[in-house]
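Quick one: the structure is below, questions incoming.
By letter and in written order, the chains are A, B, C, D and E; residue numbering begins at 1 in each of them.
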Amino acid sequence: MNTRNLILFALVGVLYIATGMFQSWNLALNILNIGLLSAIMALGVNMQWGFAGLFNTGIMGFAALGGLAVVLVSAPPEPGGWAMGGWGILTGLAFGAAVIAFATWLYRRLGKGPVRTLVLFAVLGGGYFAYRAILDPATAAVESFNPAVAGNIGGLGLPSLLAWPLGGVMAAIAAWAIGKIALGLRSDYLAIATLGIAEIIIVVMKSEDWLARGVKNMIGLPRPWPVPYEVDLQQTPAFLEWAANWGFDPAAASSILVKLVYALLFGTILLGVIWLSEKALNSPWGRMMRSIRDNEVAAEAMGKDVTRRHLQVFVIGSAVIGFAGAMMTSMDGQLTPGTYNPLRFTFLIWVMVIVGGSGNNWGAVLGGLLIGWLWLIVESLGPGVMQMLTLGLGEGPLKAHLIESAPHMRLLTLGVILLLVLRFSPRGLIPEK
Amino acid sequence: MISVQNLHKKFGAFRAVDGASLEIKTGSITGLIGPNGAGKTTLFNVIAGRLPPTSGRVKMDGRDITGLPPHELFHKGLLRTFQIAHEFGSMTVRENLMMVPENQSGETLWNTWFKRGKIADEERRIRNKADEVLEFLTISHLADQKAANISGGQKKLLELGRTMMVDAKIVFLDEVGAGVNRTLLNTIGDAIIRLNKERGYTFCVIEHDMDFIARLCGPVICIAEGKVLAQGTVEEVKNDDRVIEAYLGTGLKNKVKANA
Amino acid sequence: EDAKIGIILGFTGPLESITPGMAGSAELAIKEVSDSGKFMGGGTVTAVRADSTCVDATAAAAAAERLITAEGVNAIMGADCSGVTGSILQNVARPNGMGMISPSATSPGLSTAEDDGLFFRTAPSDARQGDVIADILTERGVKSIAISYTNNDYGKGLSDSIAAAFTAKGGTITANTAHEDGKADYSAEVATLASAGGEVLVVAGYVDQGGKGVIQAALDTGAFSTFYLPDGMFGASLIEAIGAGLNGTYGTVPGTDSDGAAKFAALATAAGLDPTSSYTGESYDAAALMLLAMEAAKSTNSKDWTAKVMDVANAPGEQIFPGELAKALELIAAGTDIDYVGATAVEMIGNGESGGSFREYTIIDGAVATDGFR
Amino acid sequence: MDILNALVTFLNFVVVPATAYGAQLALGALGATLVYGILRFSNFAQGDTMAFGTMITILMTWWLQSLGVSFGPLPTALLALPVGIAVTALFLLMTDRVVYRFYRAQRAAPTILVIVSLGVMFVMNGLTRIIIGAEEQNFADGARFLITAGEFKTWSGLDEGLAIRASQAITVVTAIIVVAWLFWFLNKTRTGKSMRAFSDNEDLALLSGINPDHVVRITWIIVAALATIAGVLYGLDKSFKPFTYFQLLLPIFAAAVVGGLGNPLGAIAGGFVVAYSEVLVTYAWKKVLGYLLPADLAPDSLVQLLSTDYKLAVSFIILIIVLLFMPTGLFKGKSG
Amino acid sequence: MGQPFLIGDQMTGGYGAADILHGCTIAVEKGEIAVIVGPNGAGKSTAMKAVFGMLKLRGGSVRLDGEDITTLSPQDRVAKGMGFVPQTSNIFTSMTVQENLEMGAFLRRDNIKDTMAQVYDLFPILKEKRNQPAGELSGGQRQQVAVGRALMTKPKVLMLDEPTAGVSPIVMDELFDRIIEVARSGISILMVEQNARQALEIADKGYVLVQGANRFTDTGRALMEDPEVRRSFLGG
């Protein structure tokens, strides 16, 4: 960390402080929390892209899996729904897994040739229909149970905190499977493949209502320990007294306190992730990764197992994203599959990585905090800019039209600022050494 | 050490290697010559696992190594350089060398977090080794340059340097000499001989500079159009009519007039 | 005393084409109240907009956070999509004790969400509309229908309730499939629906979104010629865009036989808004309700005015229609009980949502003909 | 007769719409693939360039319509198209001047350019909405159908109809002409070859006397033309709404990638692969089978491999399968 | 005699902050061959790039036929009749061999058939492979494409950076033959060579460059016979 970087971080800090002073501290902290989560996701992407040159655009899929983990772990159990077909679904899924395992075994056992193709085709095809035959009635039964408010198998009712590592693990497992299939692809081809797989994950989450209610959303997920509820705080005498002593408004103080606790939690995890990846990057492992990124052919000839290493870093990076995705769902308190769109979860994170400076962990964090702030602040900034632009205009339909269009200044402003930042530091704010 | 049996490699309909069979004896420095496009590099690529053969076998010490991936062959002691330099451009010259040694404990993530001391020791050793190699190649002053920013010849030296970072059994050199200053090339030739004599490395060398071949190589194999055209000692091959016709030629036609 | 109303809707994102109309309608009500000079003894009411993006729960929460903690609004009109509405409710409104009235979030899940009595909506619940639609279809002698719904909680919830009610009445659902809004092409959906067949295609979507695309493609290929249009699909722009093909299509839209809808239409048209654009009436009503409730509570504090919403919205009392807000304020000030009817015949039931009366209409030669009310 | 009915059903609901949609995607993908091929980055602003060009064309069309100009049975928008192209080209050239040129001179990595194009996308996105609004615009006029389902039924006496919209026909014909021209241009003309040379090795192109500014200029002009044509034809067939155009980005890139980035033929093939996989894999065969099978065998269920909810997923699965066997797409695209 | 045809005079400059060239001068007369030799990293390629305007000079000048071209862009120098084959990435890998050659003649408006035939005559293998992407060629074949591309320009002065690296002896002899022929037709040749002895043999003038500065300058033959030059730079 040299002075330039410290100044950059300080400047971003000033942005947040200014938000606190001119808008409100609640808003500043809210944005900070989202910035921290984005920074963690950006770190995950940076591992894959900056360290190893893997162009992963499936970020939203991994984040969504993290979110799903929160539902499965911390949502209250739904005994009614479970009773309707929970075991049937488990049987179906287990059967599906068994079919795939059997097919893999056959694939290894049988020699190459038309026989193998035919047998595999028969096993997989038959397996698929049998699997659907077991699964479909069970899911239909679950979904028919009180569909307006339930219709799903429910969660385990365990603490939300447990869901975070599980989110990482679920994302890692998915990444492993995706990596096995798609990591042979290069650059933009890998990008579109991962984007596609992420879309598939989202479509499944939207359509399989028995899992997490699909587009009907899971709301009211419990908060992670040790984050209190504002409403409870506002009824706790000790807190009220404390707030009164300091002259705070209890409502504002309670929600600031809650946000501070989140910030502390996320910040700790962010620091942990940075520490781990900095150590890894500045070591022979990091050197090996960079050599693979620079020239796979040569790295392979120098004895590095490129495929395995790609898979390794892809899985780890995705796990980090899944972890952050779980934290995000925990904080939102709800899982809305519709939230996961590429613009927000894939491209925005990429903007963070590139603007921050790819290949540099601190860059990714700075990018996360800066772009996260920008993304949310332009919501009010854009219309403001429009107000200023139209100040000189006389009243009339043109002005009315422009004011009406003000919300669209949101993206426009974001675009302009993004272009300006990249103009003045084309390799990112904190470029790779 | 290496035995290639009836190897074929086709690109579409084009036969780049067309039934080549050859032996590289343990402890030898074998020269591989042949006209441009004869299939020398392709042959290397197949042996080193970079390309799958269309048919045929490659054996190393009697064991079949056909189709093994390059990184596994590396661990078996088979190293190669690239005709068109494959440097790691964004890394420094020294790092280019330091990444080579195998089984570095720092390449395991766990160790990078929890065994910093051990890694530091190892790094010091590898770093010294890299500096020695740079010294030898006369490019120590470039140690901290980005490899993308060094001259064409220097990149070739770096290619060679990488093979000197580990104890290899057999090293395939694909035109290390092209673009390297002849005086330096002589020094490199000496080093190859020394590695061969003292450490028992086997070499297989592709080179178009016949002086270099003559200085280094015992057996020489000439291939053309994907087939072995002639093999034997340097003298035998040099005087083979077919080799002269296809490869060596008879020298400058206009030379006399030019200097007149 | 002055009041400030936050209007949080998806001005960018999938619903960006209908939200300006909604915000405009809400502001119409706000302006009416403010201009009357009778609000809280001469207070003015201002509006400030914020962008919910409709899809991004975190961004929506941050925007609401700004409205409440930075702008200091007294009430929130919004949000539009159920996902972001839930997020705002739980993460911002409840912690800050802020009351909100949504004009369009219809998810049944929100009915049971903990809201500390802060959350209301003026859009009718899906379950009620499902029954009405099933009734109308059976009465018209329809035996089989296909359903295409927009793939969100509104579409899914509505289609489920239509399907349940219609099957209970002995009808057949040939297909019940989703369409995604804002997509480039609906050939695949229409191909499936056509293959499934059915007398009528129920399109539970939005008027200028995927729903329109599905109708267009179904008409073009000749897959269906009659459609049923639930509330989200009511709109002049659809009739204009599709033209003659819609002849004979029928549907329901919230409303009573009172002339609230007509009055709102006149008001909106005068203000340059399209009164038939989705959820404009509901938006007007939402804004009007919260202001009337404030007047009734004599306070802009959420805790106080939210307690009055049901009183103001429901009978008994003098009926209030769009354009009569000034009168309503006077009445309240005079201590007379009012029953806000508004553009969509708001009647709030148990947990703060609109009970829902519907107007049944048929499109004949490019015009909407009212058939009756339920 | 039943066989004919089955066939017509299939044509009407699968072949005709998928072909038209495929051609629309293909035209959009051509622009994206050209930027990738020559300027070497994935241009995320492609969808919004289409929206921008269409917007200009619409404004022009309205003006023409207000003057009472019409193009007979063809849509008036086709008359306005050249203006749309010209303005879009100017806009893109200006963007290049203000934005991209700097990064080219810097030799910035392609990903940086991708993110920069994302910035440009945001800006165009806002501009378009501020100028014409976020609402849907219909600007089609002229004859809507070549043949309607009803006309076909009376003409053929079959139970099933076959509808072909004029816009569908125009799109397919245009796509064929455009790709043929582009292919010829890139592979046979001097300018086209110099563009490929530039994309291959910029330094060496310089050493051959190729003027890089010229190459870049021509590229943007062609991209503007392709994007505007694609956008207008799409708008004529469906309708114009900025958000939908932005959403087109994903299928467009899927098409360009599956066909092989940088390859115009690939873009065409990719467009059809994506469109057909969406429609075909989720197609419910009930009706077709109903005609083909004897009455007592006719299926009750929809006979559908996957529900249409999964149509996007299906097209991506097919894309991934294609890439697994041909890692750089159907037509051997570039990889950077 | 007055000005040489092409001269890079007292050139000083480099890629970044540090200079690579320190007042280095290279020149070639009309119809003559000048050869630059020197150790790896001496700055030979840098000097060539400087002469071709691909490097910003901090001192010195470049003159062609008496005209100062120091500030001209590489393109403009091509238009003035200069041709250059760089040491690395000197072909269009994704284009066919034939298209590579056509690109060499990009600025020519006359018929290029004859020149193309001559190039194919010189490198028969290229004719065989003319429809193959150049990236699929062997190292030596690529080098032939690169030289062929430069020959297509029909330049007034041809600059070659190690044209014979990786080509087989027989082709190298052909190539040198051809270079002599080209020179004799009035074209100046400036080339860098590591096959220095063969190159100096045909050179009218030779430069030995060390650390960005001229160490020895003489006729090719004289340099060949200088024992010190032989030992230190030509490999004995």
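Note that in this section a contact is a pair of C-beta atoms (placed from the backbone, for glycine too) under 8 Å apart; a residue touches a chain by one contact, two chains touch by 3 or more.
Since the structure is predicted, the reported quantities are computational estimates derived from the model, not experimental observations.
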Minimal step count in the chain contact network, chain B to chain C: 2
Both-way neighbours, i.e. chains that touch chain E and touch chain B: none
Chain separated most widely from chain B, comparing mean CA positions: C
Selected pair, greater C-beta contact count between D-E and C-D: C-D
Remotest chain, chain E as reference, centres from CA atoms: C
Chain A-chain E separation of Cα centroids, rounded to whole Å: 54
Distance between chain centroids, defined by C-alpha means - chain A, chain B (Å): 46
Where chain A and chain D are represented by their mean Cα positions, the distance between them in whole Å: 30
For chain E, residues that touch 2 or more chains besides their own: none
Touching two or more other chains - residues of chain C: 16, 20, 151, 178
Shared-contact residues (touching 2 or more other chains) in chain D: 129, 133-134, 307, 309, 312
Which pairs of chains touch, using the document's own definition: A-B, A-C, A-D, B-E, C-D, D-E
Contact footprint of chain D on chain C as seen in their complex: 13-14, 16-17, 20, 151, 175, 177-180, 182-185, 187-192, 194-197, 208, 212-213, 216-217, 220-223, 237, 241
In the complex with chain B, residue positions of chain E that touch it: 15, 38-41, 45, 87-88, 125, 136-141, 143-144, 162, 165-174, 176-177, 180-181, 194-198, 201-202, 221, 231-236
Chain E partner contacts - residues on chain D that touch it in the complex: 190, 193-194, 196-197, 199-201, 203-211, 334
Chain A-facing residues of chain D, complex: 36, 42, 44, 99, 102-103, 106, 108, 110-112, 114-116, 118-123, 125-127, 129-130, 133-134, 250, 253-254, 257-258, 261, 307, 309-310, 312-313, 316-317, 319-320, 323-324, 327-329, 333, 335-336
List of chain E residues in touch with chain D within their complex: 52, 54, 73-75, 78-79, 84, 86, 89-95, 99, 102-104, 106-107, 149, 153
